[in-house]
Amino acid sequence: MPSPTATAVVGVTGYAGFELARLLARHPRLAPPLLMTREAAEAASADLAEIYPQIAPANGNGRLHPLESFSWERLKSAGVELLFLSTPHEVSRAWIPQALSLGLRVVDLSAAWRLRQPQHQQVYGFEDSDPPTAARLTGQAVYGLSELNRSRLAQAQLVANPGCYPTSIILALAPLLQAGLVDLDKGIVCDSKSGVSGAGKQPTAKTHFVEVAENLSAYSVFAHRHTGEILEQLELAPEQLTFVPHLLPIPRGILSTIYVQLREPTVEEALLSCFHDCYRGCAFVRIFTPPRLPQIQYSVRTNYCDLGFTLAPDGKRLVLVSCLDNLMKGAAGQAVQNMNLMFGWDEQEGLA
Amino acid sequence: MPSPTATAVVGVTGYAGFELARLLARHPRLAPPLLMTREAAEAASADLAEIYPQIAPANGNGRLHPLESFSWERLKSAGVELLFLSTPHEVSRAWIPQALSLGLRVVDLSAAWRLRQPQHQQVYGFEDSDPPTAARLTGQAVYGLSELNRSRLAQAQLVANPGCYPTSIILALAPLLQAGLVDLDKGIVCDSKSGVSGAGKQPTAKTHFVEVAENLSAYSVFAHRHTGEILEQLELAPEQLTFVPHLLPIPRGILSTIYVQLREPTVEEALLSCFHDCYRGCAFVRIFTPPRLPQIQYSVRTNYCDLGFTLAPDGKRLVLVSCLDNLMKGAAGQAVQNMNLMFGWDEQEGLA
Amino acid sequence: MPSPTATAVVGVTGYAGFELARLLARHPRLAPPLLMTREAAEAASADLAEIYPQIAPANGNGRLHPLESFSWERLKSAGVELLFLSTPHEVSRAWIPQALSLGLRVVDLSAAWRLRQPQHQQVYGFEDSDPPTAARLTGQAVYGLSELNRSRLAQAQLVANPGCYPTSIILALAPLLQAGLVDLDKGIVCDSKSGVSGAGKQPTAKTHFVEVAENLSAYSVFAHRHTGEILEQLELAPEQLTFVPHLLPIPRGILSTIYVQLREPTVEEALLSCFHDCYRGCAFVRIFTPPRLPQIQYSVRTNYCDLGFTLAPDGKRLVLVSCLDNLMKGAAGQAVQNMNLMFGWDEQEGLA
Amino acid sequence: MPSPTATAVVGVTGYAGFELARLLARHPRLAPPLLMTREAAEAASADLAEIYPQIAPANGNGRLHPLESFSWERLKSAGVELLFLSTPHEVSRAWIPQALSLGLRVVDLSAAWRLRQPQHQQVYGFEDSDPPTAARLTGQAVYGLSELNRSRLAQAQLVANPGCYPTSIILALAPLLQAGLVDLDKGIVCDSKSGVSGAGKQPTAKTHFVEVAENLSAYSVFAHRHTGEILEQLELAPEQLTFVPHLLPIPRGILSTIYVQLREPTVEEALLSCFHDCYRGCAFVRIFTPPRLPQIQYSVRTNYCDLGFTLAPDGKRLVLVSCLDNLMKGAAGQAVQNMNLMFGWDEQEGLA
């Protein structure tokens, strides 16, 4: 048995960071991860269990999940090999050049390094301090959709962990697009619905219980930041895909209903084969055989992305349904899956 | 002041029937409605307040909302002019010929008389006992989408009250289709999400709290019974419209997200004018000016249908959002609105 | 018909203030109320319908619910007779002396004037600028539990509108305590559960959807600010009543389960008579006959307080269940009811 | 490593049975459990993953969780040592004599064998076919509250797994009662709130989403079947404990708020010691240090019972808060914990 690998997570008090901390803490290949925050005061003497009592042990005086203030020195002294960042875009964009220069491998859960095109200034609204370095690292970053970039992940120094919506949409569409089955002239519609944890832990008017409960709302129509990574990964032009996210009155889970038209009338079996061929050997993609369709309950709190479809009697109009847990396959779970692939481990380790 | 009009409702113990009973009971033009059920036992000595305690009065011994067993004699002796049926399709189909022959006007909340084409056998799975009469009445029935069939409703003997999903979809699409703005070759997508009361009061696995809460599911893809009335009313071919309903973890409310492509690049103002022109003077359609969009909370427990939209930067891809309360504008509220139009009253009476 | 009465509400953007604005706007005795906020900027050109789109009219350009900045001059120029304050405790405490000196009658929805004992400094944590005046007004203030202080309300200049929890608890206990039926040595337990709107509109960690959904929590055990007014109104010593509030994952509604022991073995009928005698002629208290018990759904969005009970076989242990809507009978609805009593109108006006 | 132990579960399609099946399937000491139902048809060719798709594997044709019809022969041929029954009371009562006579050890999740007093006929409403045998087995059955009956469980042939409410209440009260701290003359109040899965998977009016959502209701006041086991285990007289369960609008989780009065004024530290002493070494009881209190979210989907308290300033009135997951520590999780103790394994095996 090799010695355990040292990891660190920055941003463990947010929803995705906490989920990641839980997963890493029980991963069989790892030493207990460093649980870091960017706030010095918060980390002084706190334990993550004080913020999330669900992880407190039964006999409760030990600090089993100590929070630490982030520092490069601490990473070095602990021999950290892999750094997870669950931090705002600007922070990830600013810190990662240094992390890489120190020889760390990085999985970044923010959107800072997901886009290949130099558009993040316009999308995310901040500027790089060192544009040439940023451009170089953009070229090196591997988009961490585990199933589709498996081989590149093995060598990756920097993994840009995908957004939750993009994961649900790209996994559903990639097999069909790669097989050339879709009539792109007709346009693709992605109607996605997400639980509230996707909006983050910061209390806002949008996440107030009274505003969310008994409600459903569409938001950021034609303007969601995730649109860019979907288009890039699927190699689509902006006018070929319409993506509308909605806020569901549930804590977690995403369901994307995706509408495409096929070039030629097709039969169910052909589509089923297309999906099975694409995801053969993938532990975390489940293909539902019609007439069964995924529901949010089936994949919530797992790392699965569930895919199903219904084909119209005309054999051309196709409705895809894709479900996942936005904090697992849509964030922390996929980050762990990517780590497994980066280190040559079974992709299911620590995720079963 | 004319003498109050006598009405009766059959099926008041269901969700839509109860909502209707509440509305009629406080309508200023009406005598207290007869509250009828098809079950003799249930009606023997019961009061509707025993089933729905929310309507019980403060000093509680009087039977203020007495339930009665349905009979034609009782309708006659009470001088009923207008009969509301909130009954299963088969019952409505079977009873309405007799009701009309007795000179009653009828608003039917079931789907029994909504379709013009002789397809209800295949859609609803039962046969008429007297096909020629049924065919004749089908021709007379007015589809009760109040805003679009205002003048025909004034003379109607039989009003087929629309389904909840169709109301939300037809009101959103009709102005654009009438103006010829939509590129039908690209197809229209209607992604609708409904609260659970739309599934009825009967307990089933589908309506069990544990199956619905923390969940979202698509159902009846390409196979929902409401599809036919949407196609007929909008004069679309089946392959031009894809309708997918979803079950939301909330008690009531519908949000339909509708995707169309326009023939020509268009500007927001033109679309806004199109909607305002179509619904000028309509008290229950609210047009939202972009970037505002309807949400379920805004229209729940009202008779409004709220319409909003976002136009893509390309001026061609258009996302419409339509919200209503499935028991109000989607059922009982629209039934009252239709009654108002049938009798020449202000459409808002009893609904403000 | 007398000319309509002029009223104003300060704090209409909060949940209780908005509910109050809606009620006053449709009250048959009133002119359109002044809708005021303490923020100048917010009020500059806004309409309340921009914050709460549910009240927008169908043809939407008119400012039907214009927001105004608060000023004493505006109250005077509008001829306001009755001022409603839905403001923080400190604001109500500071403003009301001036309001009364200007001859206004006031209904205060905050807790500022509810307590007779000079304890509000310790309970609410601020000091009066003019203690003698504050003491004098404290003596004049009428605790606005409509059913119990009906006659005093008719003459009141200053009404301290009760808290939501106290209303549910006092109405349940007062009849039994007045009749001397309760064994106070055994202690009274009030286990109350409230929807989230009771915590206010300000987004906080406590009101974040993800923290509330799928959860239940007790809070402020032995330390809730409402305890004092319950004790004072029921004339109980602190050790005689234990009150524990809980936060429910619903937007609105309160259910209080109250446990008392009776001095003597008693029968159901005697208790029922006690309640009916106490609330005879009260339009907004509904007594449930056992074995029926109130549920939150029955009274939500009404001004009712629903009371029910179950007596143990031993005839001594008694469980009371009291339900109301925290924004209606627990706040805005009771404020309107109190206004009706202050002006000699039917207590149901504008609330049916 | 010893060979894996063979187990079987009857009733795996219900909520508790399914949870148990999941736990057993990943327990390191066990062979794959037999997943049994009492319905022949259902079991013919089905897989549990067809009913609960959340457990389907990624490459989905294998029957990994095959359902079987129950038969004694099958238990024998599979060498089953331990039988779990998640069946109705009558079935458990009828089958268990035969199971024991065949040498099987049994954990019964129903209430059939929990009561020592011969009262189950009156409580559960059915009669034994062989009263003397039933009486003998009643004497042998061990009440499976793991923490309190640890030593007796090691030898038990028949374990009566406790109810969910009783587990939350008994664990909170036992330390204080054993230490003689409670003034029983004042009475104990247990106000419990449970998620809907506790009501079972059968769709009923009570579990319909529309009846539960946005609601809270008390039920079975002074009449809940769980009262008897609480009284017996805590050795209380009926008039000393008042237990009122409530139905929460969440899928799972229980919070019990328990009110006691202490004989003598006491300090927080003494109470904390009392709890820590009682549950020293117990892996699944977490004691919260004031002012922290358990919430449902902290223990849901775990096998923990979380205990906390607040002591009044008078040092005598004490509020206890006890939380657990009704399907885990309240049913299936405790059943596994009991199995671990019956076989001499670490109580945490398969539950961490």
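Order as written gives the chain letters A, B, C and D; numbering starts at 1 within each chain.
The working rule: a residue touches a chain if its C-beta (ideal position, glycine included) is under 8 Å from a C-beta of that chain, and two chains touch if they have at least 3 such contacts.
Just so we're clear, the structure is a prediction, and the values are computed from it rather than from any experiment.
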{"item": "Shortest path length from chain A to chain D (each step joins two touching chains)", "value": "1"}
{"item": "Higher-contact pair (C-beta pairs counted), B-C versus C-D", "value": "C-D"}
{"item": "Rounded Å distance, chain C centre to chain D centre (Cα mean)", "value": "41"}
{"item": "Whole-Å gap between the CA centroids of chain B and chain D", "value": "46"}
{"item": "Distance between the centres, which are taken as Cα means, of chain C and chain B, whole angstrom", "value": "37"}
{"item": "Numbers and ranges of chain D residues touching at least 2 other chains", "value": "213-214, 249-251, 295, 297"}
{"item": "Residues of chain D defined as touching chain B within the complex", "value": "15, 196-197, 201, 203-205, 207-210, 212-214, 249-252"}
{"item": "Interfacial residue positions of chain C with respect to chain B in the complex", "value": "53-54, 56-60, 214, 279-280, 282-289, 292, 294-295, 297-299, 301-302, 304"}
{"item": "List of chain B residues in touch with chain A within their complex", "value": "186-187, 189, 191, 193, 211, 213-219, 221-222, 238-239, 242, 244, 246, 248-251, 253, 255, 257, 259, 261, 293, 295-297, 300, 310-314, 316-317, 319, 321"}
